[in-house]
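Structures incoming, each one as structure tokens.
Two complexes, one shared chain (subunit A), two partners (subunit B, subunit C).
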Partner chain A sequence: MTASTLTLPRQSRSGDLRLLWLGTALLALCLLSIAALSLGARATGWADIWGALTSYDPNNADHIVVRNMRLPRLIGAGLAGAALGMSGALIQAMTRNPLADPGLLGINGGAALGVVLCILVLGVTDPAEFIWVALGGGLAASVLVFLLGGGSQANPLRLILAGAAVSALFLALTRALLLVSRQTLDVYRFWVLGGFDGILPATLQSLLPFLILGALLAIIAGFGLNALMLGEDTAKGLGVRTGFTRLIAGAAIVLLCGATVAMAGPIAFAGLIVPHIARWAAGPAIGWSLAFSAVFGALLLIAADLLGRLALFGGNMQAGVMTALIGGPVLIWLVRRNGVRKL
Partner chain B sequence: MIWTLRLSALSLQISRRAVLTAILLLSVLLMTALLALTLGSYPLSLADMREILTGGGTAIQQMILLDNRMPRILTALGAGAAFGLSGALFQTMMRNPLASPDVIGFNAGASCGALVAMMLTGGMVLPGAIAGALITAGVVTLLAWSRGLPPYRLILTGVGASLVLTALGDLLISRMDAQTAADMAQWLIGTLNARSWSDVALVWGSLLLLAPALIWLQFPLTRLGMADDIATGLGMALSPLRLALTGTGILLAALAVSTAGPLPFVAFAAGPIARRLIPNGRPVLLAAAASGALITLLADTASRAVPMIQLPAGVFTALIGAPVLIWLLLAQFRKGAL
Partner chain C sequence: MKQGDPRQNTGAARSALRPSLSLSRQNWRQAAAALLAVFLLGLCPLPGSADPFPAVIDHRYGTTTVLAKPTRIVSLSFIGHDFLLALGERPYALRKWYGSDPYGVWPWGHDALGEAQPVVMRGEIDIERIAAMEPDLIAAQWSGITAQQYALLSQIAPTLPPRAEDGDYGTPWQQMLLRLGTATGKRTTAEAIVTRIEGRFADLRAAHPEWQGASAMMAWAGHTRAYTRADIRGQFLTALGFSVQDAPDGQNALNQFYIEFPAEDPSAMDVDALIWLDTGRNVEKLARMPLRHTTRAYREGREIYADKLLSAALSHSSPLSLDYALDQLVPLLEAAVDGDPATVVSSTANAGLLAKGGS
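Take a look at the complex of A and B:
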């Protein structure tokens, strides 16, 4: 083992520069949040936003719009973005593959199958009721992927291949079920776009524990993953329990992503692209990259939701479609400009 | 065990296992095809078939065998082979099982093209799909190009394109009326329903045209599957070679999609299956073509065998392909090959 391999990740960016970046990103997040609260079909002034947040008046139309519609949407998009960003950073670090995406672990596929089954068998058509089946389907699929991928001894290639196989299987089952029933297709084709229309405060509340637990586990896993990125043997030599670290990271990914899919449907791309931008700003150290991914993810999804409801398709474009439309070209641009920071 | 064939100055080394496996695979393929010809709501025995083929049999029997089952099964074989070949070309060249045409956006391009054509003209699904696949492939290759075609750039660019196109496709489906959406859902997963002899002529004719290129590319491809410096050390010019391989792979993928729809998982699974069957990977293209054809044929036969609801073949390619891949993975892990 040469010295250069051991001193790999840390010193590529100085801490001060990273703090500056993070500060700027947080400031941008605040500005964007204010914009998201004030802009819309009904433009709302500062005073009304402040009023709606501090002294809510249920008879004031502006207050109702801000408090009951825009605020849950904003919080939902922010939480979903942060969760997807963090889980993307974790899975890319864990598999050491910059192509890895939480959706690839079968979470989106499992959630979609759960939703379709729920519509078909139970006849449920209200998206608010999809939460638990989506979460359950995502959990089941990802547990299957982790087991096939080698459990706590998961190796990167094996995990991704297992994820791709299970995803394809679930997608095929989903499609088969969709062909059976026209009604199911009609509900499903809107859910699959992913978005924050009509998200309810109660939904956010019920998912918050999952997200918080997931974030905590992500931070714990971060310590071990930093060493793991130096390679399996080095990590073991440094005294890291690699299997345990992977298990914790896996649990964090499943919680964060499953809750997001349950909240907003399968949002592609945020988990793939955000960590790349984060590493570009933060360097490869996992702690920083997790923090940056959370902030950038929230920024991306809030912006996507805002753009979608203001500008495109007559204000009728779902955030999930927007992230893909923004994210795809960004990814290609990143690949062309810098190459991808290898992990 | 290695066999060496000598023909004056030329010599060719083939492992015995590879040859035996290839023969076995082709005979399984042939038997499955024969079985598929006899199966259906109007059963035909092998004796009936021989009679029909020599000009006998009733008019109904002739119609079912000659106009119905044979074109469908031959199209399935050809399209499956094209899928398998295309997948094997990309996966071997890029040394990454994720680099199959379905992963790097060609299928998504075809689907999106079909949907756009449906939206704009109310029909023209097939030309739209072919245009979509070709445009996507061209754009992805151009965007990934940088003094050559580096694998990581191609895969990442393809994944980016795939995500955009899939999202666009979902968006278009949500904007269609319910009837059109249901029709397109059927097409988008791929089916071999109602194929005619013109489809057979298209797919097999194109495969024949591409065969010389494939035979010629087979030799450098096995070396490209090793490290870049080994390939360069053997005196191969990587960029032109990669371009030729990519071009051939694109044509094959477009051909497959245009005859069978974007069947999921065939291109993805055929390569790894072939590789598993023939470990040293010599005639990998032949094995991949045979595996692709077999998967597609089995899927189509299954889709005909399910009564009442006519599920399209694409549902079954994934239902067959995914477990096979999982089995493959487990087998390889147990051997410690991954």
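Take a look at the complex of A and C:
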């Protein structure tokens, strides 16, 4: 996310140069993580941070803040950013559409409907209890999108249309339900902006398997997607099983994005913009662009969460809001300066 | 739409005025009889017998005149139906706030509601639907109506928004009741209720010198934001003598009914009596609040967990719910404010939220 990563030469570059930049980005990630652990409404010194991580004292308020509040947020934002970045890279490669966003597969819409039903029917108001309905709703909606989009024969255009239709339908249902209950609206309004406020270590733990499986599938799909980006026929000519590749990529997107929306609500924009920055630094090869997307995504969301925490005195601007506030100008600048990289 | 109605009304008013301008002999006789009636009424010593109508009420959007006793009241206020019921007026339609009751009326209002089955409105204000109800009074304090909505609603029927000096949801219960009393011709009843309940608060203040000036706060369980002095829940605590924090300077104080504290440093919430409101769903969220067990309120047993019913009673702060709220809360406050963990706050203990090591 530093300016230096954006001033790279545009043409494809040697692996060494990419490694250098990936290293730089990882270093930036470390520095940002330290900042995220040390900054906040409560002043904490180095000793507190070190103490909280190595010899945790459950009665020390500073330790509690670092270990139980800032650390889960940092990990949550990092994981969610990496997941959104990777799933964004996958869906843009799969649909060969630079405007594709993982939300297009109906995952956010399904999760939102699940959450609203959960608030309305079960009376749940604690976001920590939303994770399974959000995940379930997201998975169900994306399965529906895949079926409508033609299953393993899905072509990109049909998939996007099916996703848009299902998302619109679920959003309309969600809004209709919200009209009925003011209280549901209050809880939902907070959830839908997306953020890492009050995220629990237990939530991270239970979602980690989904994220890991999603990341593995993403890497597997990456091999086929490289060929698929050359076009359906070329890919087939190269011996790639296109239907299978799309299915694996789809499953990876759904797992990554579903786990993220369950963890933090629908976070706008990260999945759209991060792959653009990543491709700019990494070139079009899907393997590199996945790795860069993961690191840049984590950087973006950790920065967004940190700035959101510091932006308002004592208050809290949710990471989902900050992502769009930071990401929007960056994307505009990128497009105006260099144009969008072809997919 | 019923926008034709007001014009008809003004037409009727004009024709009623006309005879007194061009007086025929017959009209003279009528006028004399009317004068005599007014004179005789004035002589009557019965309290409250003076015709309370037309009732004129000032508010933030101007002045509302209620010409005759309303019989078809549409209540847009989320808590206002409680106040109407306290006056013995059953609203024709009401706006449900929350809760499992189909009419949105909580247990303290059930007797007063009786067998009545008011029309229930939910969500946003539907002006067309209200017009179709042909109301003769629209009670809209604590409803959040805008000037634009008022302009439309007041063409349907006399509409009662909050006072200019109160926020959307900050009208004190006394004013809510007195103004509805004026609008429904029951000012005397309203005054009697206000006197009785204020007396109860005064007795409690006198009986609890230790509460006077002690700090207290109401917050939703698990959240680091609390109601200000301007909110009706803050007003409740102030009426018992507690000191309640105000919104920070420079913020719009009228509608600033809560203050947000940083989750990392909620030390300002560490008051002499901390009341956690809840729908009954957030005990776990409260139990895992990261810094809660480092506070004095937690260690010294100064936290009060308010269950669903008590929280709703406090949030309604109506003449019907205040008695219930006081019955429930006063013993809890007594156990909390003494700062001795040995005197257990029963509701907090029942929710399993007491400090470990406390008895």
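By definition in this document, the second predicted complex is superposed on the first by the 328 of 343 C-alpha atoms of A that agree within 3 Å, B and C clash if a C-alpha of one lies under 4 Å from a C-alpha of the other, contacts with A are read in each partner's own complex, and residues count from 1 in each chain.
Here is the rule we use: a residue touches a chain if its C-beta (ideal position, glycine included) is under 8 Å from a C-beta of that chain, and two chains touch if they have at least 3 such contacts.
In this text the structure is predicted, and so the values were computed from the model without any measurement.
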More subunit A residues in contact [subunit B versus subunit C]: B
Which of subunit B and subunit C A:L179 touches, first, second, both or neither: both
Partner chain in contact with A:P329 - subunit B first, subunit C second, else both or neither: first
Which superposed partner A:L22 touches (first subunit B, second subunit C, both, neither): neither
Contacts of A:A35 with subunit B and subunit C, given as first, second, both or neither: neither
Which superposed partner A:L200 touches (first subunit B, second subunit C, both, neither): second
Touching partner for A:A162 - first (subunit B), second (subunit C), both, neither: first
First (subunit B), second (subunit C), both or neither touched by A:L213: neither
Partner chain(s) touched by A:I64 [first = subunit B, second = subunit C, both, neither]: second
Which of subunit B and subunit C A:V124 touches, first, second, both or neither: second
Intersection of the subunit A residues that touch subunit B with those that touch subunit C: 179-180, 182
For the subunit A and subunit B complex, residues of the former touching the latter: 98-99, 148, 150, 155, 157-158, 160-162, 164-166, 168-169, 171-173, 175-176, 178-180, 182, 185-186, 189-190, 192-193, 268-269, 272, 317-318, 320-321, 324-325, 327-329, 331-332, 335-336, 339-340
In the complex, subunit B residues that touch subunit A: 97-98, 103, 143-144, 146, 152-153, 155-157, 159-161, 163-164, 166-168, 170-171, 173-174, 178, 181-182, 185-186, 189, 264-265, 268, 309, 311-312, 314-319, 321-323, 325-326, 329-330, 333, 338
Contacting residues of subunit C [partner subunit A, same complex]: 97-98, 122-124, 222, 260-265, 279, 281-282, 284-285, 288, 290-291, 294
Subunit A residues within the subunit C interface of the complex: 40-42, 59, 61, 64-65, 68-70, 123-126, 128, 179-183, 197-198, 200, 314-316
